[in-house]
Structure formats: C-alpha cells, structure tokens
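You will see subunit A twice below: alongside subunit B first, and alongside subunit C after that.
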Partner chain A sequence: MMQRYRTALIVLPVLVILALLPLGVGGYILGLLTLGYYYAVFSMSWDLLFGFAGEVNFGPSFLIGVGAYAAALLNHYWEWPIPLCLAVGAVAAVLAGVALAVPALRLTGPYFGLVTLVAVLLLQNVLVLFAGVTGGEIGLDLPDVLSIDANTNYYYALVFMVISGGILFGLSRSPVGLILQASGQDAIEASALGFNVAKHKLTAFCISAFFSGLSGAMLVFYLGTASVGTVVDIAVGVNVIIAAVLGGRRTIIGAAVGAVFLIGAGEILRPLGQLSTFVVAAVALVVILFFPGGFMGRLLHAEGRE
Partner chain B sequence: MLALQILIDGFAISSLYALGATGFTLIFGVSGVLNLSHGAIMVVAAVIAWWVAEAFNTGPYLGAMAGVLASLACAFVTYRVIVRPIQDSRAIPREEKEIFVLTSTLLWGIMLQEAIAYLFTSNPKTVRPLIEGVVPILGVRTPLNEVLTAALSWAAIGLLYLLVNRTRTGKSLLAASMNPRGLTLLGFELSRIYVLVWAIYGVLAGIAGVLLGAFLGVSSDNAGLLTASAFSIVVLGGLGSVSGSLIAAYVVGYLETMTAYLVSPSIRTVPVLLLLVAVVYVRPQGLLGRR
Partner chain C sequence: MTALLEVDGLIKRFGGLVAVRDISFSIGPGEILGLIGPNGSGKSTVMKCIMGIERPTAGAVKLDGVNVAGWPTHRIARQGVGIVFQHARPLHRQTILEHIQLALLPDNLLMLRTNRQVIRDAEEIAARVGLSRVMHRLPGTLPFADLRRLELAKAIARNPKVVLVDEPFAGLTAAEVADFSELIASFRAEGHAVLLVDHNVKGVAALVDRVLAMYLGEQVAEGTAEAVMRNETVRRVYLGGKIETAARPEREGKGHTPLLDVRSLNVLYGKAVALEDVSIHVGEGEFVSVVGLNGAGKTTLFNAISGLVPFSGAVNWRGESLAGRTPGAIARGGIVQCPETRELFGDMSVRENLDLGGQHLTVDEAGRQLDWLFGLFPILKARQGQAARTLSGGEQQMLAIARALMMRPKLLILDEPTLGLAPVILEQLSKAMERLRQTTDITVLLGEQNVTFALPHADRVYVLEHSRIGWEGDPGRFAEEAGAGYL
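After this line comes the complex of A and B, so read on.
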C-alpha cells in the first residue's frame, strides 16, 4: 500500500506537468513527445509480457505491425472511419497474437524468442512481397489523419498513454499480475498451486497484443503513413525492448520513461549524425550493466527484492 | 546444369553458414550465452580485413589476419566487459540473467555496427579474395575463391573437432557444457574455460566474417540479419549441438540457394523461416538437440 502511494506521488505531478506542456512548449517538442508516448505504450505492453509473465517476446513489432497495417489498409482502400480502423487494428493484433501465442507458449526461453522474431521477419517479407497492395518499403499513405494540430495530437497520445498505462499498471498490481509473476518465476510451482499458467500467460499475451496493436494503429494515423520502417522493422522491436529494460523491467511505468527517454535522446543527439545511435546504445548498455534495475527500479522498489 | 550450379553454390554458402553458426552454438553449449552481437563481430572482421588490405596495401593475407585478430579482440571484450559482469552480478536475479545477456549483447552489436558505419560508411565492401581465378567443376565455371571458402570453412570446423575431441583442453570444454559444477569440483577453473571458448569463438567468427566478405561482400547493415541467420541455424539444429548446426546450415544454405535460383531471389529467406517455425513447433529441441 505504501508503495502504491509513493508511485502515485511520483507519477501524478509528472502527469500534471505533461498535461500543461503545450502551454509553454513548441510544436517540435510536442511532436517528439507524441511519438514517444506511442512508443511508451509499446514498451509498457512488452513489459507486461516479459516483466510479469517472464516471456521474452523478440517480436513486439509483429503485434504493432499487424495492428498498424490492418488499420492502414482499411483506411486506404475502403476509407473506413478512423475509430473503426483503430478497433479493427487492435482486434487484428489480438487475433495475430493468439495465433502466435497458442503454439508458441508451449516453447520456453530462446525458442519462444526465436519464434516471435521469425514472426516479425515473415510479416516484413509478406509486406514487401505484396508491395502492390501494402506499399512495400515506401509505405502506405492514409487519407485520414488523427489531427493536423500538434496540440490535439499531443493530447490524443497523452490521454491514450495514460489510460493504457493505467490499465496495464493496474493489471500488473492486481492478483492476476501476481499470478503472472509467479508463473514467470517458477511455472511448475505456480501450476502446482492450482493456477492455470498457460491461460494466464495467454491472457497476458492478448492484453499486450491489444495495446501494441492499438498503439501501432494510432501511430500510423498520427504519422499519416504506414511503412515497414516505422512499425514492423526489427529495429522498432529492439527499441521497444531496450526502452523497457532501460526504464526498469517489471515496473510498467519505467518502460514508458525509457521509451520517452530513447526517443528524446535520439533526437537530441541528432547533430552527431550516424554516431547518435552509437551513443544511445552505449548509454543504454552502461545503465543496464551498472543499474540493472533501470531508471525506475530504484524509485519504485527502493526496499529491494533481495 | 542449373542443378549442378545450385549444388556447388549451395555447398559453398552452406559451409560458410556452418562455420558462422559453429562458434555461436559453441558459446551457447558451453556457457549458455546467446551472443546477439555475433553478426556485428563478423562484419567487424570483414571490414577490418578489407580496410587493412586496401589502405595499407598489405595484400589479402595480412588483411585477413588483421580481420580475424579484430574479431578475436571483439569477442574478448564481449566476454570481459559484458557477459562476465552480468554473470557475476548479484543485483540481477538468476532467472533474468538471460534477458540481460541478450539485451546487452544486442546493444553491443548495435554499437559495433554503428561504429563500423561511422568509420567506414555502410557501403558494401568486398574483401579481395585470397586467390583469384576460375576453375571448371563438372562444367560449371566456379570462382576459385568459392572453392577456397568451402575448403577453409571445413578446415576450421575440422580443427575445432580435433581440438574438442582429441585434446585435454578440448575435453574440458566438452565437460563444461555437460556439467560445469562437476568440472569445478575436479579443480578446473571455469572462468579460464570460458575465456578459451570465447577465444575460439572469436577466431571462428573472424574467419567466417572474412570469408563472407570475400565471397558475397559485407555491409554494416547486414549485422542484424547475420545474427538472425546464425540464431535460426542453431535453433534448427538444436541449441548447443555442433553437429546439428552443421546439418541445419546445409538445410538452410541449400533451401535458400534453391529458392533464389528456382523461384525468386527476393523471397530467398521465406521458406527457411517457415521451415524454422514448423520445426520449432513440432520439435522444439531442434533436429539434434538434447534438452
């Protein structure tokens, strides 16, 4: 209870500041943060699956990509309204997630990781092969966008992140989250205690897929275009994972902090040109090696687990 | 004619895959580490070999040696600076060490890749082959370099086999992969064995990288794909099983070559990915893996 109280004490003021930001900050920074918030949802979804269910999903961008492209294709070819596209995108990601998870959850550790990685590669290949329909490497432009106003876009992203983050965080602190955590740490003992490990992990996967897909769909409507490089590429998935580990795994909030940090750092270091990715990777590596709890690990788990 | 061409090209590329994957699976088998900077280390070897040979005009042999040395150095840093501290760390719970090793070797790979791209640009580079010329094999004009690639790959794998099975040091490697605790009880220093494995790995990855650079050319953008292909081959063959990896390398090499020649080069990796998913579902431990 103390811990929940402290978390709220840290999070609420930050949210108030974020909500007031458009009053004092230019469109450029708002645009950057908007992107960061969508990434934050990707990372938080990933953290639910890894941090709690203990499954290393190397293919977050499979779920993101399915959601993004399902929404983008519907909007591009049939001009469905945006809310409907978003809903279908999220549902499509869940279905794809179930199709991937039901067989894949029989596997553990590196095998599960590889299958999720292969799913991304296959999706990428399919999108490029059917370039006539999907736009391939160049991308698919969308007739509709969320908004052309930077402030409105910023609030859409912020509200979306807060709601998703709230649900994911709540879940992770709920009994379901505890069962997930137990299954992740010792699946045999958890099932011996009578919990259906497979069912809980599948639920976690579906929830993770839902938010990843929805956020991917929102992202393409923010950018106005869906392309392999922005929502499917392995580099996207790598960033999501790095953000979650950097911010502190098993904290959900840390994942969001890590994602915004990564996007921001990439932009601040842009003058370095090609070296910027190098520096970001180096910083992330140093944090992981010397502060394995990540940014938020310290703040949220101050009493320590050991 | 086409069949022969596929047979020969497929053999060369498969041998190279086999060599690349052997080091990767060795590390996993002995120390349980999946090194996701594998592709980047191969790229470093190829690019350094290219750079030394071109910039100092040393000829291909010295260049190749420099490439292998660079790879050895990278492997050593990977172990000393990244893998070892994580394995020894008390702040990281045991069940999470795997994800930490994966994430940090991934980051290290990205650093290597970006450093290469920054210093030498990301344009593809072709290492000058050790021997030039063409030789007809059963009527197919084959570059001598392709023959050499296959021969050197197999020579390196053969030497590794001898080392592991015929020498005392090699046998201690084997023992470490089976029962590390038992080995320490017998008075062997595990950390020295790990250093040795990483050194062997560095040399193997270096040779594979240089040969790849001479055979197909290498760009820093390939690093991720090289890691992914080594990872797939190793899982297909069974994690930690060297002979499984060798077979898997040939399955993958031939499947890719056949797809490229008979269907279209643009989908050359797709059948492999599908096969991989199928095998992992039916037989998660891979072709020859033990659990």
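After this line comes the complex of A and C, so read on.
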C-alpha cells in the first residue's frame, strides 16, 4: 500500500508537468516527446511480457509492425477512417501475436526469444518482397494523419500513453499480475498451485500485442507514413528493449521513462552523428551492468532491495 | 474407508532407464505415509508423477477415485493435490502475506482486485504457521526456516486433499524440526492424506503411520517404521550386507602434517547451513571415506576443498592454506576431484577425454599413464573410439575416474561414484578401487551414501550427518556404532 502511494506521489506531479508543457515549449520538443510517448507504450508492453511473464520477446517490432502496417494498408488503399484502422491494427497485432505465441510458448529457454526474433525478420522480408503493395523500403504514405497541429498530436500521444500505462500498471499490480509473475519465475510451482501457466502467459502476450499494435498504428498516423525503418526494423525492437531495461525491469513506469530518455538522448546527441548511437548504447551498457534495477528500480522498490 | 490417494502399478521410464517400476500404495484420510529410499531410488519421480510434473509411462494415480495420471499439473493441483517443495524460489518484491494470497487466488484472468476475505484468510494462515510477525516482510530478509514455513503456508492455503512434502526437514535445526512435525501432524488431524518423501526412515519415523521403502525404482518394503527398519532388504540397501573391511594401519606418522587438513569448516548456501564446524584430515596414502545420505553435505565439503564454494574455516594442503587459491591452482597442486555429475565431454571420444586429462604430461608419460589406466579399466581400452555420451553409466563413471587419474593427482576426491549404478557394475568398480589402493600410493577421499561400497576400501571413515561430522572411526566398528543412525 505504501508503495502504491509513493508511486502516485512520483507519477502524478510528473504527469501534471507533462500536460502543461505545450504552454511553455516549442513544437520541436513536443514532436520529440510525442515520438517518445509512443515508444513508451512499446516498452511498457514489452515489460509486461519480460518483467512479469518472464518471457524475453526479442521481436517487439513484429507486433508493432503488424499493427502499424495493417492500419496503414487499410488507410492507404481503402481509405478507412483512422479510428477503424487503429482498431483493426490492434486486433491484427493480437491475432499475429497469438499465431506466434501458441507454438512459441511451448518452447522453453532461449527458444521463445529466437522465434520472436525470426518473426521480425520474416515480417521485414515479406514487406520488402511485396514492395508493390507495401511500399517496401521507401514506405507507404497515408492520406490521413492524426493532426497537423503539434499540440494536438502531443496530447493524443500523452493521453494514449497515460491510459495504456495506467492499464498495464494496474494489471501488473493486480492479483492477475501476481499470478503472472509467479508463472514467470517458477512455472512448475505456479502450476502446482493450480494456475494454468500457459493461459496466463498467452494472455500477457495478447495484452502486450494489443498495446504494441495500437501504438504502432497511432505512430504511423502521427508520422503520416509507415516504413520498415520506423516500425519493423530490428533496431526499433532493440531500442524498445534497451528502453525497458534502462528504465527498470518489472516496473512498467520505468519502461516509459527509459523510452522517453532514449528518444531524447538520441536527439540531443544527434550532432555527434554515428557516434550518438554509440554513446547511447554505452550508457545503456553501463546501466545494465551496474544498475540492473534500472532508473526506476530503486525509486519504486526501495524496500525491495535486499 | 476409501483411500484419498491411490497409486496403482506406477511405471516411469526415461528413455531406456526405468526410474519407477510398478509402485503401488494408497493413503487414507488422516494418514501419513513415508516414502523413503536412497538417492536415485525413484522416490522423487513417484512424487513428480503424482503431481503431474512428470507424466507416468503406465499405471494409475487415483485421487478420491478419479484417475489423474497424465493430467497437466495445474489440473491435478485443482483436483486436490498440494506440494511442499524442498527448494522454493519466492518472488523478491512480494511480501510473505502476498505470497500466501497468491496461493489463495483462483485461476482466473479477471481477478483485478484483491478480495478482503482473501487477505483475512492469508493472515490466518500466516498465524497458523508462525509467520504473523514477519508477514509484511520480503522473503529475502527472512531466515531459511521461515521460507520453509511459507511453503507450508502455501500448501495449507490450497486446502488440498493430498499433501506431498519433499524432504520436510532438510536444512532445519532440531527445534525447527519439532515445529514442522507439529504442522505436518496438523494436516493429519484435519483428515488430509500426507506423503512425506525423505532419504531415510529415521528422519520421518516419529511422524509417519506407515513407510514404503524404494530402491532402484522398486518397492522393497512396506510397513510401520520399526518393521521397515528391521527389514533385511532395507538393512542391506542402507548398510550393505556382510561388510568386509580391510583397514590398514593409519599411515601418517605422529607429529607429521597430514596431507589434507580441514578445520572447522562452515559453508552457507544463502541462508541454509550446508556444513557446520566440519573437521577432517587425510594422511598421505590414506583411503578415507566420508559416508552420509544425500543432502548431508558431502559434495559441499569436496567443493569447498576444491575451492568451488566460499567457506569459513581452514583448508590446509601439506600444511599450507588453500584459501584464496583458484580451483585451477588447487587442481594443479594435486587435488583432483571426480564430481558426482561426472562432467564428461559427451561428444568427445573416450580417448579424447583421457587425453584432455593428460594435457600437462609429456607424450611418454601420458602413454605410460594411459597403459596403466587401461590395465585398471580394461573396458575403456575397448571403447577408446566411442563417444563418451554413448557409454553406459558404469563405463562413464570409470572414464570419469580414469580421466581424473590421468592428471596424476596426489589426492583423488571421488564424489558418489556409485550413484545410479547397477550392483554388477559396483563390483567392477570396487575391484578397481581395491587395485588402486593396493598397487599405488595414491591418497583417496571418497564420498558415498552406499556404505557397502565405501567401507571395504577405507582405512578410516567419517559419517557426515545433517551438515556435521557425526562419527569418525575404523570401518570395522561402523556397523555397531554408527549403523543404527544411518537407516
């Protein structure tokens, strides 16, 4: 209970400040944060699966990409309205996720992770192979965008992140989250307590897929274009993972902080050119090696340290 | 009275190995059955088959009349079987109370809020097992015994018809054992059926109504604890039949520094005491056996000597402390361990495994050593080109010993060489041991739970019991002085 109050004490003031930001800062920073918020949802979804269900999904961009491209294709070719595209994108990600997870969750150890990794490569190849339809490497431009106003886009992203984060965080702290965590840590013991581990893990995967896909779809409507480089590439997935670990495994909120930090750092260091990626990776390495709890690990779980 | 748990003709095969062979028993409401057997006897496999962690090859597991054999674990759990694991891995960030709540939750995806009633029930259970004071603490801050209490609490929370308890008293002090016995007895009072799995009768004798003894997958005796302890087969399994001993006079001269001198060794695994104030010494050329049941601490002792686990106390090798030396340096210094798990390179041939052991020898020396080893274990000569993985268990053990001998150790540490081997192989191994002892001046430290194998070659015997040295002496006096405590 104490922990819950403390989390609220940290999170609420930050949210108020974020909500007031458009009054004080320019479009450039808002644009950056908007991107960061969508990444935040990617990372939080990933953390639910890794931090709680204990499954390492090396291919978060598979789920993101399926959601993004499903929405983009519908809008590009049939000009479906945005809300409908978003809904279909999210559902498509869940369906693709289930198709992947049902066979993959039978595997143990590193094999689940490898399957998810291969899935990304497959998706990427399919998109490039059918370049005539998907736009291939160049991407697919969309007739509709969420908004052309930076402030409006910022609020769309912020509200979306807060709602998704709230749901994921609440879920992680609920009894279901507890069962999920037990399943992730010791599947035999969890099932000896009467829990259907496969069912809980599959559900976690679906929830993770839903928010990843939805966020991917939102992102392409913000950018006005869907391309392999922004929503499917392995590098996208790696960034999502680094953000979640950087922010703090098993915290959900930490994943969001990590994602915004990563996007921000990448931009601030842009003058360094290629070196910027190196610096960000080095920082991530240091945090992972020396502070495995991440940014928020210590803050949210101070009494959890042994 | 119908039995709550009825196991009928249970068989479990792992590939070619038959781990459980036609085991049948039943437990009624309010009854405690002890399932005992030495390591590798298949008792844990029986437990896993009941819980559904392993799928039985054949046979029935009836729970209150319903055959659950082959069901997934979570369905068997819901049908009314609870298990108290020996080693639990609690969640780090959840309090003790939350752990108990977890066990009280139904398997439901829509449980988004914790029910008040669940919290109250959890608090009640915490009080019953004696965790009230610490229920808001995290598992990492609690002593080992409290973590075991937590496991019991989780089993109580599921309110199962049948409770399986794996090694109920491992790692506990005498006072804690009394507490736990009371808690387990309370299961009986409430009409649950209880299965206690343990290594020997002695540990569970006070608690059980009946005992079933297993050996090499088969049932060897069933009855009251006293009857099973008197049973001839059981005595032979645990104590060996006619024990032949051939101790030689202690070789170390008075005043000499023993080759290996271990003083007041203590080892902790997390919070569990693995070794407590253990002192042993081995003289040059001596053959010393450390006997003790599985879990007594033999492997830990050897690993401490080999520098593989941290310890407090002193380990002196030829009068010099080994503290701070790397395992590699200790092995090069002449202490070579042949581990329980054998650690062969499975995809390499027998010859390659042996050559690896002889890496540091010159070609000539290695050749001579190899010839000598092939004399000691003729079967290995015939198997030279075969992959180590394809050898039988006994041959693998011989290879493991031979590879250790290739390093020309001053002190050879053999950890449970007989584990899982058939009696006929034991005899071959025993002959090789005897030849080794009679024809070389090698010093051997042997860890065994199989007394029949450990005693005949030994000059001196230590009994390791619950992490401490319980007896030391001449193998000839073992049966009368230490044998009873060993059953």
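Rule of thumb we're sticking to: the second predicted complex is superposed on the first by the 304 of 306 C-alpha atoms of A that agree within 3 Å, B and C clash if a C-alpha of one lies under 4 Å from a C-alpha of the other, contacts with A are read in each partner's own complex, and residues count from 1 in each chain.
The rule is simple: contacts are C-beta pairs under 8 Å (C-beta built on N, C-alpha and C of every residue); 3 or more make two chains touch, one makes a residue touch a chain.
What you are looking at is a predicted structure, and each value in this text was computed from that prediction instead of being measured.
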> With the two structures laid over each other on chain A, which partner does A:F195 touch: subunit B (first), subunit C (second), both, or neither?
Replying inline: second
> For A:N125, is the partner it touches subunit B (first), subunit C (second), both, or none of the two (neither)?
Replying inline: first
> Which partner does A:Q181 contact after superposing on A: first (subunit B), second (subunit C), both, neither?
Replying inline: second
>> After superposing on the shared chain, does subunit C or subunit B touch more subunit A residues?
In response: B
> Once the complexes are superposed, what residues of subunit A are shared between the subunit B interface and the subunit C interface?
Replying inline: 185, 306
>> Can you tell me which positions in subunit B touch subunit A when the two form their complex?
In response: 34, 82, 85-86, 89-93, 95-96, 98-100, 102-104, 106-108, 110-111, 114-115, 117-118, 224, 228, 231-232, 235, 239, 266-267, 269-270, 273-274, 276-277, 280-281, 284
> Contact residues on subunit A for subunit C in the complex?
Replying inline: 170-171, 174-176, 178-179, 181-182, 185-186, 188-189, 191-197, 199-200, 203, 250, 301, 303-304, 306
> For subunit A, which residues are in contact with subunit B within the complex?
Replying inline: 50, 54, 56, 103, 106-107, 109-111, 113-115, 117-119, 121-122, 125, 128-129, 184-185, 234-235, 238, 241-242, 245, 249, 273-275, 277-278, 281-282, 284-285, 288-289, 292-293, 305-306
> Touching subunit A in the complex: which residues of subunit C?
Replying inline: 51-53, 72-74, 77-78, 82-83, 85, 88-89, 91-94, 98, 101-103, 105, 107-114, 138, 140-141, 154, 158
